[in-house]
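Presented sequentially are two complexes of chain A, the first with chain B as partner and the second with chain C.
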Partner chain A sequence: MSINIALAGNPNSGKTTVFNEITGSKQHVGNWPGVTVDKKEGTYKKDRDVKVLDLPGTYSLSPYSAEEIIARDFIVNEKPDVVINIVDGTSIERNLYLTLQIIETQIPLVIAINMMDEVEAKGDTIDFNKLSEILGVLVVPIVARKAKGLNHLMEAAIETARNKKKPNNVQVFDKNIDSALLKVEQLLEDKSPDERRWKAIKLIEGDEVITNGLSDDTIKQVNIIVKEAEKEADGDTEAKIADLRYKYISKILKGIVKKSEKGHVSNKSDKLDKILTNRFLALPIFAMIMYLLFAATFSENFLLIKGLPSPGIWLAGLVEEGWGALTGGIESILSNAGASDWILSLVIDGVMEGIGAVAGFLPLVLVLFLLLSFLEDSGYMARVAFVMDRLFRHLGLSGKSFIPLLMGFGCSVPALMASRTLESDKDRKITMMITPFMSCGAKLPIYAMFAATLFAGSNKTIIVFSIYMLGLVIAIISALLLNKFAFKGETSNFIMELPQYRIPTGKSILIHGWDKVKGFAIKAGTIIFVSTVLIWLLSNFNFTGMVDMEDSFLASIGNAIKFIFAPLGFADWRASVGVVTGWIAKENIVATFGQLFGGIGDEATIEAISSGAQALPEIRDVFTQVSAYSYMAFNLLCMPCFAAVGAMKREMVSWKWTLKAISFQMVVAYIVALIINTLGNLIF
Partner chain B sequence: MPLALVRLGETKLITACRVKDEMKKHLQDLGFVKGEKVEVLGENQSGMILLVKGVRIALNKGLASKIMVD
Partner chain C sequence: MTLEDLKPGQEGTVISVGEKGPARRRIMDMGVTPGATIKVIKVAPLGDPIEVNIRGYELSLRKEEAKQIQVQ
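And now, the complex of A and B:
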């Protein structure tokens, strides 16, 4: 017999650690339909018939957030055979608030009291048997980080599922609420008894989602009952119910939890918080940590040692080398086998280059996410969001937007993926729309080429730096405008639990980081691959067959669309083609220009132009200083590369929103380039 | 008085949460109910770090000024 188990619990209760421990490597991470909330499924590593689902972390089953709606819909509608409720033993009082709500649904339940090592270290004790007796559910102490007690927990869960044992119908409420509940239950006669009770509680709590499912007549009668009950509940039944739940918890815990010391004792986390969230020290410390994180991923001169690659760059180099060797091998096998030119070109320039573009990103994504996972699992990320909140509030964003934006200077792909940590849908969308304005590493070669060719002299650095600043300024203006005109609602208040600082386990960081990379490789990879092959087709063919790029479809397209760029100062088909090839990867613009303007095909010369060591004088025929600046600005701000678009689609879970974001970026790019070209020509 | 005015290290009792429905619900879920003890553990430009039901909660000043304590 197969058994379905759902894990429920507060955020930071160690739920995901439990999930990883009991499923081992047998897990699948997807999305709940229509939202960016991870859906993790797996099978119990000791019994494949036992399926385990990790519900999102929630404080309650009220519909406050997408996570809470998902968790409660799953428990109530999908009816798993048993729910395992992970409770943080160090804050058992607050955690049991969710437990009481799960008990209200009368689903078979097992409670796992986690972090028992920390409870014991404090000298506190919890009487599990007594708790078990009162609630009518099995209670198992565990230490998830050390994989302690998990076998016992799974035995308890399987036993509860087999017996279909419901929790006790605990008496939480007072006479007034109970009588109101009874009256509402009578209105819900068509529902099963368990459902009736749960829905009645939700209706008295004023839950809109449940109310909307009723007939107008029933709603009217419920309202009368609630009005009546409010008289004896200080005018607010909802607050009364919350209050009664907490009172009940305090009452039962009196005989169950024995604390060695009264009140709050200052501990390691408090001491760290005194420094890490300090009014004056918080920002400098954070800046330093971010610099290290960034350097470890993207720096060519790690720790300021010239020529020492960071772990990210080093790995990326290895992958690129390996990929180059593989491509070379395939090329020689194909030509030895007598493959035709177009097949050779399709496989090498299309397919291999397409997959190579994805493969080249993976090490950077991997290193960045391993480090971010470390910061997140340690509890520091929650503090960062809090510390940065004040600054970002001025832009109408949350402090949590800072991480993705900063990462955007390295690569938009992991940056867009990091926006997942923002709970507010509005903040997440705005952050994703402006993240590509942070000039990523791949755009630097474009600036280097123009700077060496058209801005030779002392102002080279200023030109490149000013482009970076331009992106930043446009991002800030965009955030303000989007907040004012495109998105409804005021900036949400900031409230967040700060978990205890803990040293993360290597296993959890690896699992965490690997999930992200796998997701990226599959989803973004498909889009990058398809677009790369498409551009390959366009740039190598016309109706007569295979041709040079000058005669290809892409050249015709370049000629057809170049008029669009006339107001921006670069009505040239080659410049237009550059914009298009830039969408595969922004640094491609240099190779395209090298080929189309200078007839340069060899890698070494392109490398030299990309690093600004060599000029490409032929582009002076088309570009002035002003139009070159306008071109750089346009390519900085317009649609990012397909890899980033793929990541954006994955995070927005909507083509409509992805297209909206791209359109917004295109319009912004056009307007900014237009202003630069117009004003520039007036001034210079 | 509003929670935002409570000094570092002091412990007060919550008397009311003057915020809109959804936030009120969320505050309740986090343990901010009438009569509950709240201790101010930290303070900076962004807001305050509180201890409620044995858990650290960070919130911005704006929200802290809407929670009444005594």
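And now, the complex of A and C:
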């Protein structure tokens, strides 16, 4: 007989560690339908008939966040055979608040009290038997990080599931609320008394989600009952119920938790926090950690040592080299076998280039996410939000938006994926829409080419720097506008736990990093691969067969659409083609210009132009200083490369939103370039 | 007096928590309910938000939200 287990618990309660330990490598990460919340499923490593599902971490089962709605809908509608509630023993009072709400559903339940090592280190004791007796559920002490107590926990869970043992109907509420509950229950038509009871509690709490499906008449009567109860309680029932739950917890814990007589001793975590969020040290330390995060992923001179690649760049180099060797091998095999030009080009420039485009990002994603999960699991990520909140609040964003935006200067792909750490859907979407405005490393060669050719002299640096600043300013303006118009009314709050600092386990960091790499390769990979091959096709063919880029479909498209760019100052088919090839990778614009303007095919020359060491004088036929600046701004702001679009699609989990984001970026790019060109021509 | 008026190191007892709505529900879900002892630990380096200790753990909230919490 198969058994379905759901893990529920507060964020930071060690739920994911428990999940990783009991499923081992047998797990699958997906998405809950329609939302950006991970859905983790797996099987118990010691019994494949036992399925385990990791519910999103929540503090409550209220109807206000996607996570809470998912967790409660799953418990109430899918009815797992047993719920394992992971409780952080070091803040048991707050953790039991969720427990009480799970008990209200009367689903078979087992409680795992985690972090018992820390509880013991403090000198506190918890009477598990007494807690078990009062709540009518098995209670198992565990230390998830050390995999202690997990066998017991699973035995208890399987036993509870087999016996279908329900928790006690604990007396949480007072007379007033109880009588209101009874009255509401009588109005409901659900067959099971447990369901009627649960629904009644939610209705009295003023839960609007639960009223779906009730007749207007019932809702009216419920409202009358609630009004009466509120008169009696001298306050609203939602607050009253939350209050009664906490009162009940305080009452039962008196006989269960014995605090150490030493009182509150400040532990290592408290001491660490005194330094990390100290008034004066917090910002310098924060800046240093952020620098390390960025440098370890993207820097070519890591720790300011010239020529020392960061782990991210080093790995990316290895992948690139390996891929180059493989491509070269395939190329020589194919030409030896006498393959025709177009097959050779399809395989080398289309397929291999397409897969290579995906593979090239994997090391960056891996390194960044190993580091991010270290920050997340250690508890520092919550402090990032704490330290940066004030700065970002005015943009309507979370302090955690800082990380994706900073990473955006390296590469939009891992940066967009880093937006996953933001809790609010609104913050996440806005952050993703503006992250590509941070000028990434691949856009620098475009600026270098124009600077060397059209802005020679001392103002070169100023021109490039001003483009970076332009991206930043446009990002800020965009965030303000999106908040005001596209997401109006969605307020975010900042009521957040600052968890204890803990040393993360290597296992959970590795699992998280691997999940991200796999997710990107599969979900974003397809989009990147298909679009790269498509652009290859367009730039190498016309109706007669394989041709040079000058005669390709893409050139015709460039000619057809160049009029759109006339108001921006670059109505030239080659400039239009550059925009399109830039979507494969922004630095491609240089190679495209080299070929189309100068007939340059060799890589060394292209590289010299990319680094600004050599000019490409032929572009002066088309570009003035003003229109070059307009072109740089347009390519900075318009749709990012396909890899970034793939990452965006993966994180937004919605084509609709991805298209909205792209459209937004295109419109912003057009308007900004238009303003630059118009004003520029007036002034210069 | 509201929670915003407390200085780091000072503690008080929660009397009531603001207006009905998602923010209040969240605050109460996190354990800030009438009768609970709440202690201000520190203020963020940029002056806002603040960190408090409630029911044995650390919670951060903005001054704007702290203003909604009556304490004594």
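Keep this in mind: the second predicted complex is superposed on the first by the 675 of 684 C-alpha atoms of A that agree within 3 Å, B and C clash if a C-alpha of one lies under 4 Å from a C-alpha of the other, contacts with A are read in each partner's own complex, and residues count from 1 in each chain.
Please note the rule applied: a residue touches a chain if its C-beta (ideal position, glycine included) is under 8 Å from a C-beta of that chain, and two chains touch if they have at least 3 such contacts.
The structure presented is a predicted model; accordingly, all values stated were derived computationally and were not measured.
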First, second, both or neither for A:353, with chain B first and chain C second
neither
Contact-wise, after the overlay, does A:376 reach chain B, chain C, both or neither (first, second, both, neither)?
neither
On chain A, the residue positions that both chain B and chain C contact, one per complex
59-60, 62, 64, 90-91, 93-94, 97, 206, 238-239, 242-243, 246, 273, 277-279, 282, 382, 386-390, 393, 493-499
Contacts from chain B onto chain A in the complex sit at residues 19, 21-31, 33-36, 39, 41-47, 49, 51-60, 62-63
Chain C residues touching chain A in their complex are 17, 20, 22-31, 33-36, 42-49, 51, 54-62, 65
Touch list for chain A against partner chain B, complex:
59-60, 62, 64, 90-91, 93-94, 97, 206, 238-239, 242-243, 246, 264, 269-270, 273-274, 277-279, 282, 382-383, 386-390, 393, 399, 493-499
What part of chain A is in contact with chain C in the complex they form?
59-60, 62, 64, 90-94, 97, 206, 236, 238-239, 242-243, 246-247, 273, 277-280, 282-283, 382, 386-391, 393, 491, 493-499
